[in-house]
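Order of writing sets the labels: A, B, C, D, E, F, G, H, I, J, K and L. Residues in every chain begin at 1.
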Amino acid sequence: MKILVIHGPNLNLLGTREPEVYGRLTLAQIDQKIAATAKTLQVEVECRQTHEEGKILEWIQAAPGGFAALVINPAAFTHTSVAIRDAIAATGIPTVEVHLSNIHARESFRRHSFIAPVAAGQISGFGQESYLLGLRAAVTLASSQSEHSS
Amino acid sequence: MKILVIHGPNLNLLGTREPEVYGRLTLAQIDQKIAATAKTLQVEVECRQTHEEGKILEWIQAAPGGFAALVINPAAFTHTSVAIRDAIAATGIPTVEVHLSNIHARESFRRHSFIAPVAAGQISGFGQESYLLGLRAAVTLASSQSEHSS
Amino acid sequence: MKILVIHGPNLNLLGTREPEVYGRLTLAQIDQKIAATAKTLQVEVECRQTHEEGKILEWIQAAPGGFAALVINPAAFTHTSVAIRDAIAATGIPTVEVHLSNIHARESFRRHSFIAPVAAGQISGFGQESYLLGLRAAVTLASSQSEHSS
Amino acid sequence: MKILVIHGPNLNLLGTREPEVYGRLTLAQIDQKIAATAKTLQVEVECRQTHEEGKILEWIQAAPGGFAALVINPAAFTHTSVAIRDAIAATGIPTVEVHLSNIHARESFRRHSFIAPVAAGQISGFGQESYLLGLRAAVTLASSQSEHSS
Amino acid sequence: MKILVIHGPNLNLLGTREPEVYGRLTLAQIDQKIAATAKTLQVEVECRQTHEEGKILEWIQAAPGGFAALVINPAAFTHTSVAIRDAIAATGIPTVEVHLSNIHARESFRRHSFIAPVAAGQISGFGQESYLLGLRAAVTLASSQSEHSS
Amino acid sequence: MKILVIHGPNLNLLGTREPEVYGRLTLAQIDQKIAATAKTLQVEVECRQTHEEGKILEWIQAAPGGFAALVINPAAFTHTSVAIRDAIAATGIPTVEVHLSNIHARESFRRHSFIAPVAAGQISGFGQESYLLGLRAAVTLASSQSEHSS
Amino acid sequence: MKILVIHGPNLNLLGTREPEVYGRLTLAQIDQKIAATAKTLQVEVECRQTHEEGKILEWIQAAPGGFAALVINPAAFTHTSVAIRDAIAATGIPTVEVHLSNIHARESFRRHSFIAPVAAGQISGFGQESYLLGLRAAVTLASSQSEHSS
Amino acid sequence: MKILVIHGPNLNLLGTREPEVYGRLTLAQIDQKIAATAKTLQVEVECRQTHEEGKILEWIQAAPGGFAALVINPAAFTHTSVAIRDAIAATGIPTVEVHLSNIHARESFRRHSFIAPVAAGQISGFGQESYLLGLRAAVTLASSQSEHSS
Amino acid sequence: MKILVIHGPNLNLLGTREPEVYGRLTLAQIDQKIAATAKTLQVEVECRQTHEEGKILEWIQAAPGGFAALVINPAAFTHTSVAIRDAIAATGIPTVEVHLSNIHARESFRRHSFIAPVAAGQISGFGQESYLLGLRAAVTLASSQSEHSS
Amino acid sequence: MKILVIHGPNLNLLGTREPEVYGRLTLAQIDQKIAATAKTLQVEVECRQTHEEGKILEWIQAAPGGFAALVINPAAFTHTSVAIRDAIAATGIPTVEVHLSNIHARESFRRHSFIAPVAAGQISGFGQESYLLGLRAAVTLASSQSEHSS
Amino acid sequence: MKILVIHGPNLNLLGTREPEVYGRLTLAQIDQKIAATAKTLQVEVECRQTHEEGKILEWIQAAPGGFAALVINPAAFTHTSVAIRDAIAATGIPTVEVHLSNIHARESFRRHSFIAPVAAGQISGFGQESYLLGLRAAVTLASSQSEHSS
Amino acid sequence: MKILVIHGPNLNLLGTREPEVYGRLTLAQIDQKIAATAKTLQVEVECRQTHEEGKILEWIQAAPGGFAALVINPAAFTHTSVAIRDAIAATGIPTVEVHLSNIHARESFRRHSFIAPVAAGQISGFGQESYLLGLRAAVTLASSQSEHSS
């Protein structure tokens, strides 16, 4: 089983900017932690980051071929992208939405997610741990789904 | 007379995903239908699809040089792109906004279009037929406009 | 196949008042254009106009007996009539909502249609052409429906 | 004692359309049930249906002469008619508002009633039973009122 | 010069119901007062009342032929009729909107008038006097207009 | 057949406080009236009152074991309790919501009911009579349901 | 009988600025027209203008001593002054609110008047004529009031 | 290290009611799964359920004495309880909010959580898995906190 | 004369938690200060605290028997309890609402009080002093009331 | 210690107008009561009234020189003056906002105070007593502040 | 060329109060900086400050006689004064709105400016520099305008 | 010192389209003006334009390395891009937001800027001059910042 992890815009800055908000680990270090957890869970994982909404659409559209589930931190696109929502809905790939910070405790516009209603669920507020929990959730989702279809 | 048809994000998935919402024809098949109708109407047509808002801006900006009118299904960008609205307003190209599904019968955020106020008109809810009707509308618009300016 | 076309309140004034908004053709001339298009499409068409919401309800209720589909320009009733919405929903007749002007580019109260969610689709902004496109859409709708039920 | 029952627009379709929403009895059958209950309650009852708001106004204005109370299912007019509200308020006739379906469990615009604040009370959601309960309520209202004025 | 005065729904009840809100004069007595003022102003006047929106549309559409201006108390339709607004806008007849009660001091839904933006002005709160003032305003409007067009 | 009647917070004060709003009968007297009507309808009834939301949840959860339907006047909890809504939805017990006063004619916050969308229907405004009508409605609901499942 | 006319802020500019909105008469000319109408009506009138909210409060507070009624064009203060509202309510002086332009056909913030609910009525949209009509209304108000108190 | 798990109102029904929404496991079975995960994580856990807001307040107030962190599924109280929010804020106990269903994909009132802004984070939509992920998050939170304070 | 003081949920934590928001005195110390002030004012006072809305209802319902007035800090229930509002309105006991913190300077949801419209007045923002001022206000209220009824 | 008391617009009318809302004491009598309470509290007090927002700004700006705290009843300016808010914030003078009537039980626009968020606290609804309580609150505030700075 | 600079209410406190928000320069020092920049730009400048809305109206009304443009920091009046807006619109003087602080990053009510729509443009957030930039903008505006009219 | 100037989507059309809104200078000409002003201010400047949000993110992320401050006209992205806001906040680069047109005097959706709260300030409405003023503001910002850090 292979899980796709997508990091949205600006997440490449992790660890170097605003550590009091987003934590001190760099994105590379987080990806290593994700990989380590994946190993524990006996799944493969691939992590990608982009600033481009269009690239995220491509990745999501192509995902069902090679991945069993999606973990996505849409970052700023959470609040503005109907296109990512539509891509997830159209491909039907099991999706876990994750956020480093607690989006419900920040500016009011961050409380609305276009992605949440088409994701299986949402995890927010636990820093890097949000990704690791999200990976576990994605593996469970994908496993139960493959059971159902077998 | 040549008409530009722009398909927005995720429309490349047509026919393969959620056919109960968007119909069973692939985008290629729809483009063939559009071409057939264009032939009947004795106009040329060019169909393009992209996930990138920036590319749509380029196409719209360049359109007045080679095209008499624009038929656009902005898909998810309908509800989020002020930039496409501004491009249409700035170039002044006669524009028909089309939607496969009835956007007025879906989630409330889909009822608002940033594009509609700068388009000549909007056609939504008729599946592939929306494009064919949109093409007819575009030809009529372009014809009346060329009459006025001649 | 026979299509019913209903013109809502004040549309009898067409061509004589506010031509810059609604065009220069009279309602009679528009009805002739509709008839001509109907002939091309090899269908029958009947056009009626009224100022009375109650009469529109009667026409819609009676329509399934004699008509395969409905093209309606509810005019002012678009924004205020729940009764017409209920009549369309109750009879289940395939319905195309049309508007001469682009209702999405006018006063904000005109952007909301009580009819749209129960219509198959909506066409607005193309002047008389809205009716002709609406007629084509209605014929396609009715054809596909009669196929399904046969 | 005589009670007036007014059925609003589209209610003549009852039993023949959307039975899963409005039940399987025709309006005539409902009127028979109302009559039967009236007999049990030893009152007279008269049932009328119309699509015209103006006719409902006339009926309400004339009601105080011959009727002790009013049971009204304003249907679509519930949400759009200030005129019916004003007529009830002006005549002061004891009024019971009834609805077949549970208007609080449907589209949000159906939750607002212009009539409710001037009615004695509202009964919604019990199908034909709403009328029978409404009739009982109206009889009680009218009885207590005639006691007070005697 | 001839002025048309239109009384909307329920106004036939004037004087007999809720006199503390609407005053003690009957509609007939008000019409006599209007006629008397008309005489003073040396204009003709014709007063009509109806419960039907459709009839008001007809009267407005026909008015430009025989009347120089319109004084209208749309009553309940003030807050619900886009059709009357459209009729006034379409015919372009100089229009004065009047109200017996102070609509700005009642329920919040009565503060919004669909008619006001297309009327020349609005007079509310002076009981029968609102009509007499409205008639004066209408005469002034019609006079200045005839001067301009002469 | 046995029906459960639940009176929400503060209803024990009935008859002793604010009689102009809630009527002159005490809760005990109302319960006697309910019992008398139950006898007429040949059903059993049990009436309970509490100020505690938690107790209402317990009663609702336990109800399906011994009761065929629920008549509930949630009083203040109508407007604030998602938990009662969830309990009704979870147990699926046929439920009639009743109110002594006309909640649609009071403060605006009283117009919203969290309970209504999961109840079969709502009866409000008829004083004690609301309970008696509610009992009738509940019996009808329960009867039709037992028919369906037999 | 003596009537006080108060002109709010910026009205001293009348006739010299934005004549297409506010007309071509200067404030002095309007005051002459008011005086002429007062003479016709056999009342005295006094006209004052100020930019200061505090001065308007003083004038209103002192008015009951010398004036039978108030005609006020609060201009910009219409939309922002609770203090003027409170002064009118506190003194209880019969008040007519007037506006030169049709405030219901301008920016949305101009549709709300803090003054209207405490005035007897409002007249807007008739240019200078608004004052003359307002004076008539004020005289009628004051007359009926003195009748009542005699 | 010991973690407190609080289940809010109606959660005792789990597995027996609406399994398509909340899953097929009973609360006891979920508590066993939580205990099993706790064992894996080498922490102690105590699970409690109640329908009473007051009891939840007591448990939270007492928690800092014996527990390192709190996992809470406030169920219906999520949307209505300021008191639970205040208790969490006042005690400062590290808190993880969990939900079985995806609250962002249900009725709009369920999207607002009074608890989220004072919790460390929120996990919703993964059924029983939400608790297990929540437990992991709580352990991480408590561990990092004890590190900081040592 | 005896005054009842009710402290709502979480107020038992006073002095031990968040002293920068709520001050450093424990609830017991505040109660002593209240008692001291009561002595000065020559009245008796009884202070109670609870987390349970139901208990507060009981206390309020029973209060008129033994207490001349009520001082209540509803804490979190201020913003969520219609039931407490109804209890105060039903018993008619003179009520003073107090808050330690300035609720108008905190989160927006804290600015709305369900209690305020049925209380005589509200005092907020003065820490423990709010209670002492509230006690004085309550004594004055009760005194003036007993004068009126004697 | 000296306290400044500011009475806003229209408060000079106290006792002579609308006594059922604002009480029967004149402003002079209230000022005497304030002075008497000040004497009891062993502080000096100075009371001023004005209709001018600008004058209030001057008084507040100058206050820190001679006064230890401010008691202000901004009356109508409560709801409209950002300038007074800014003056209080800029000078940082300890401020108590008082209201004679219960502003939370009147028109909805009176519930919002621009002043409250920059005041230490708010007292409303106790008539003249509001001032006396406010004076006590101000003295306590000023005392604790002078302690802190010593 | 002469430019008028108007400082609104409370700005006389600059430099002495809340320097972290508004900077450390006094108003006199800012006026010197403005004068220095004016010299550089070879224009005259006159700076005035007032707390009175009425005075600002007078200054604006008189400005066209002696000044080519207006730089105004309306301070608190930005958000509350329709009168200043009307004065600017009526005189048509080229106007630059300036703010020391970034009004878009403060309380939400500060984001709305009544002045902005009638000003040529707005500059906010640069402290004293906002005035200097505003002066430059005003000079450019006035220059281009005098070119056009010559 | 080097300043980065970013032009957002569609700004390449400047001077060729809608000159009445955006002025007659081409983007190249504006860039020359910016360069000329930069020379005057003795700073370097680099101007870039793109239609791609992702490219703007890259430029902002890379800016702190080579630029002392940022002048950005986000054009359509002003109203829709949370990602640009986050990039500016994350990098902390001193930022000036500029707009050619007065965004506060256009469609209501243009009044909201996602960028403004994280920018130092905003300049709008002065055409090309907005850029020149913005450059001056940026230089001042960068200078004061380098002073503080030295």
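In this text, a residue touches a chain if its C-beta (ideal position, glycine included) is under 8 Å from a C-beta of that chain, and two chains touch if they have at least 3 such contacts.
Please read these numbers as outputs of a predicted model, since none were measured by experiment.
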For subunit L, the least number of touch steps when starting out from subunit A: 1
Intersection of the contact lists for subunit E and subunit I: none
Interface residue identity across copies subunit F, subunit H - same or different by half: different
Pair from A-H, E-G or C-D with over half of its contact pairs in common with A-L: C-D
Pair sharing more residue contacts (C-beta pairs) when F-I is set against A-H: A-H
Centre distance in Å when subunit F and subunit G are each reduced to the mean of their C-alpha atoms: 54
Distance between chain centroids, defined by C-alpha means - subunit I, subunit K (Å): 48
Separation of mean Cα positions, subunit I and subunit B [Å, integer]: 63
Separation of mean Cα positions, subunit I and subunit H [Å, integer]: 32
Shared interface positions of subunit J, touching two or more other chains: 52-53, 80
Which chain pairs touch, all of them: A-B, A-H, A-L, B-C, B-L, C-D, C-E, D-E, D-F, E-G, F-H, F-I, G-J, G-K, H-I, I-J, J-K, K-L
Touch list for subunit K against partner subunit G, complex: 52-54, 57-58, 61, 80-83, 85-87, 89-92, 114
Complex interface listing, subunit D residues touching subunit F: 102, 104-105, 113, 116-126, 129-130, 133, 136-137, 140-141
For the subunit F and subunit I complex, residues of the former touching the latter: 8-10, 12-13, 17-18, 50-53, 55, 75-77, 79-80, 109
